[in-house]
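Listed below are the structures to be examined.
Same chain, two partners: chain A is paired with chain B first, then with chain C.
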Partner chain A sequence: MKTEYGNAMSRRTFLKAGGIASASLALGGCGLGEKLLPGDFLKEFVQSHFKEMRPDEIKEVKQRLQKQYQKKYGREFILGTEPPFPDVLFAYGLDLSRCIGCRRCVYACVQENNQSRRPQIQWIRVLRFKKGTMNFEESEHYYEAGMVPKEGYYTMPIQCQNCENPPCVKVCPTKATWKEPDGIVVIDYNWCIGCRYCMAACPYWARRFNFAEPEIPTEELNTNLHYLGNRPRMRGVVEKCTFCVQRTRRGRYPACVEVCPVGARKFGNILDPASEISLVLENQRVFRLKEDLDTQPKFYYFFSI
Partner chain B sequence: MPKKEGTKLIRKVIHFFSQVKDRLLKGPPIYYVWVLFLLALIGIGVWAYGYQFKDGLAITGMTDQVSWGLYIGNFTFLVGVAAAAVLLIIPAYIYNFGPIRELAVLGEILAISALLMCLLFVTLDLGHPQRFWHILPFIGTPNFPSSLLIWDVLVLNGYLFISLAISTYLLVGIYLEKKAKKWIYMPVVLLSIPWAIGVHIVTAYLFNGLGARPFWNTAILAPRFLASAFSSGPALCIIIFQLIRKFTKFKVKDEALFKIAEIVCIAMGINLIFLGAEVFKELYTGGWHIAPLVYLFAGLHGYTGLVKWIWTAVIFNCLGFLLFLIPATKKNFVSFNLACILIVVGVWLEKGLGFVVPGFIPTPLGEIWEYWPTMPEVLISVGVWGAGLLFYTLALKIVIPIETGEMRVLGASSVQSI
Partner chain C sequence: MVKLRTKKQIRFLLISLICLVVSIEVRAEQKVQEGQTVFPVPPPLVYRELFPCQACHRKDLRGLSSQIYGGKSYLGKYLRAPDPRPRILVRMHGNINLKHGKWHWCLNCHSTDERNYLRLIKGELISFEESYLLCGQCHGTIYRDWKWGIHGRRVGQWNGKKLYLLCVHCHDPHSPKYRKIMSEDPPRPPSYGRWESED
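Coming up: the complex of A and B.
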């Protein structure tokens, strides 16, 4: 069965049109650094939760956002809202014996997902451990990557684990973050109020907050966007890895998988027994981080050698 | 309604507002100095908020590593102050302890002021305050009952409503010289007791239920919150009541103050026992989850940002407790007041930054990133305190004359001259 967006009847539309629209005028402009037309600001302010939008609302929002991004960055954008593929559950594998700690995944991710360059936001953090240890507290977060790998050390990239039982989703007061049927935990940046409760709840430190207005050089922008993924964020909202939803829902690998020079990163559909990730799960002894918290990450680490 | 009755009512209302105007605008020089001082604090806060409005939360010391700071710390402390007002209600209304009874309304007004500050602090902490309506039912999508933040919004606003209802009902009764009906206010008073305790328990649960944060993930957290609130809140009340006694005609018996001090002393004793239980269990067991506690009390890998802070808190709390315990110092007003100040400041240190920040250090990935509030962040917080105190001051300017009988409805039998 294919999951579609935009089928939910919006019971809130009527209420919103009245009360909120007038309230919004009074609040005009607060918290937004972007230069918006007053009409657009109003539309953005009364915009529904993504899962409650009707098809025509989704269409309107897509057009408005595309226009807004174009105005801001002076480039054409393709903004998609592709729903999950049926019978797909995405999972990730990471071969720690191959990873050399070069951090190419980190920067490919920044590029692909339009993370802010100033201040710098990165969704992947690579930890370096002395061989024989796996204590986070003793890991190095800011090692010099000039010469990798370093003798006697191994490296472990950590990003959103897209948990099956995500604590961040549990605590969000507005349901602005949720788990999709294909297993990806996403955020509606237009619905997030920026309370950062999810950041306190995440055991993997996978979430980042736009404390300042994000800055990205126009020529470095990725213009292939997904509403729930890499579209440019505004100040004051939380963001995180979505397994590159804008790629994986169009049949491509996540950027970090593609860029990894040693093939340490594996990705695919665990419901398909022939997928690469299913082979990893069948043939490797895998582990997940902080299993005791029962978050059930769909991110498996293993040592193949 | 006959025409004559109507004009009488209008005259009464006009009279009430002119009374309010006089009460708010007239006062001894110290009143003007105090109000101007608070207005200055608010002005500074608003000016500093201008920077946050323009540049976002980046102007604070908060980062992805320590994503909550001074705002949430103050919020946590003030929820405790609000909840503690109930401690005056129990002896006043349940046990009919006369001397505290007149004070109960002042306690409730303090609770209302504290709640207003709480709401201001959480709103300031949001990345998108204008989207607050997303948490409302019907028009938004509140994640109820899953998110404890929704619970907190519910209990805090409910408590605000209950406190407003009780104090307004009682005060209007006194003002109109009508006897308050027990069957009307008693059920609400009774409801307010578990509600106040619930407010603070829910706020503790907000932090408590996060497996990612071992520092907060301890079953003794809610009891500790209650114990520290029931010591700091009443201690603050004692200081305020003495100021009221000094500057107004309102009578506060020493007996009432000493009764409240007993509560403070017992609650602080329990608070210290709970702290000891927590520290023992953590340190003796050992393991990776003790890192935040070690960071807080001893420093971790050379990072000692909060060590002096927390030991100051512990010393203040212990000293305050001892001063309340020793017979010679608990009846001497100098040491008595010193004890109150020590406990209020001690709990603020412990439950503000001393509680919120170590939850984030080290991060779940073991990184140590120290937090310290920035100047604008401090000034904004000072502004919020100024606003809360101004609200309390102005409210007291109306409430106290009503309680002392100086302010009465037009044509009342027992009006006293100002």
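Coming up: the complex of A and C.
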């Protein structure tokens, strides 16, 4: 076969090469690839989807990633793959009458979840509105640092709402993002192809894309990782808030809840009637953002005054 | 009346007396109200500063000053019997700016005799760790919300042990309006394809 660019490749050679390539891929898919193909790169290439991994595969992936991160950043990492708690459905509450817009949550989240510092990625976005209005197009996102609360304004942080009916999950062509039984929408970064359909589908502007290789200072890295949460991401994948899956699956509060200086953020198990979030839903005036879209967010804004 | 003959007997009597006094003191310290939930809280901020209050507000030395020093010594002035009249504090605690409702005065909340404790309206003494009981006397709805976890901040585990921050961890009890704080930097605006510059 002679192409117009002058490269000579016979039909037979082309078919041979293609055959070998597809055979190796098929072998990889059925598990033999790990033995036949050496190197971590190839192992990563043939890695299964997280939901389809056997326990021994999960263990192998954990060890490989820990080794890989240690080599890259020179620090010891604890990579967890904790499953969800049974009979738990996480929900989040945010008290709009208390939030002062200090952005402590934004930076605690960046620190906790190993978000890229350059280019800058922040999962929480704090919008500032003039009092008496709630027009998102007139809200300020880049309002300057200063003494808060500022008179005449109120603020509204927005992050992933971990919807019960998530539009981002529906559009994912590789099933790289899904809703876990405890209600958290997670991403398997190894399966994300970076098509950004989910970003287009999300009505809350909650997903972020790694346009470049993320840069994180080594000393600022959080070494408590979760496979589905804050493990260091690569270029070309989408990331988002997971209610700090690495903390909540170990029983702790998310980082933004603990850092909020006014205690505006509430978190808990919505199936437990004595939890804070259940009491909020029972006793406060609650609304969900863009409820008319039927995304059924598990992120409740409320007013306690 | 027992006759004390030997040194041993006197020593025994003295030691038992000291033990009795200490045990009474300890019991007073560990006063826990019956039928009341005690919330786990981090140490109140006052413990870092001027505590114990009774190091200065000493009951045992009260009234002695005027006799010994004739009210003239520097120290003697602070050892007077407590003056319950509302006034502006000049020599000590001058940094306290009391802006908490009307008709407020130290001894509404602080106990006159037991300065290491706070005093409820009922007259009951409570420690500084339980100061939420004191605040809850007037701010009932907020106290209810705090107990539920709607008002205030908690740290720890959502399904287990957690610490409840006291009212006074965030609000200065003497001027409780939440003070303004500095907000963090805004995010950098998008660079539209250009590599963003470092600020």
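In this text, the second predicted complex is superposed on the first by the 267 of 305 C-alpha atoms of A that agree within 3 Å, B and C clash if a C-alpha of one lies under 4 Å from a C-alpha of the other, contacts with A are read in each partner's own complex, and residues count from 1 in each chain.
The rule is short, and it goes like this: a contact is a pair of C-beta atoms (placed from the backbone, for glycine too) under 8 Å apart; a residue touches a chain by one contact, two chains touch by 3 or more.
Source: prediction; values computed, not measured.
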item: Which superposed partner A:L127 touches (first chain B, second chain C, both, neither); value: first
item: Chain B versus chain C as contact partner of A:E276, first or second or both or neither; value: second
item: Partner chain(s) touched by A:V171 [first = chain B, second = chain C, both, neither]; value: first
item: Touching partner for A:V106 - first (chain B), second (chain C), both, neither; value: second
item: Partner chain(s) touched by A:Y204 [first = chain B, second = chain C, both, neither]; value: first
item: Contacts of A:E213 with chain B and chain C, given as first, second, both or neither; value: first
item: Partner chain(s) touched by A:I193 [first = chain B, second = chain C, both, neither]; value: first
item: Chain touching more of chain A, residue-wise (chain B, chain C); value: B
item: Chain B versus chain C as contact partner of A:Y253, first or second or both or neither; value: second
item: Partner chain(s) touched by A:F287 [first = chain B, second = chain C, both, neither]; value: neither
item: Common interface positions of chain A, toward chain B and toward chain C; value: 119, 125, 141
item: Residue ranges of chain A touching chain C (in the complex, touch as defined); value: 85, 88, 95, 100-104, 106-107, 118-120, 122, 125, 141-149, 248, 251-253, 257-258, 260-263, 266-269, 275-276, 279-280, 283-284, 304
item: Partner chain B, residues of chain A touching it in the complex; value: 12, 15-16, 19-20, 23-24, 27, 30-31, 33, 45, 49, 52, 119, 121, 125, 127, 135-139, 141, 158, 167, 170-176, 191-197, 199-205, 207-213, 235-238, 290, 293, 295
item: Complex contacts: residues of chain B adjacent to chain A; value: 53, 55-58, 60, 62-65, 67-68, 122, 125-135, 138-143, 146-150, 153, 207, 209-213, 288, 291, 300-301, 359-360, 362-367
item: Chain A-touching residues of chain C, taken from the complex the two chains share; value: 145, 148-160, 162, 165, 170, 178, 180-189, 191, 196, 198
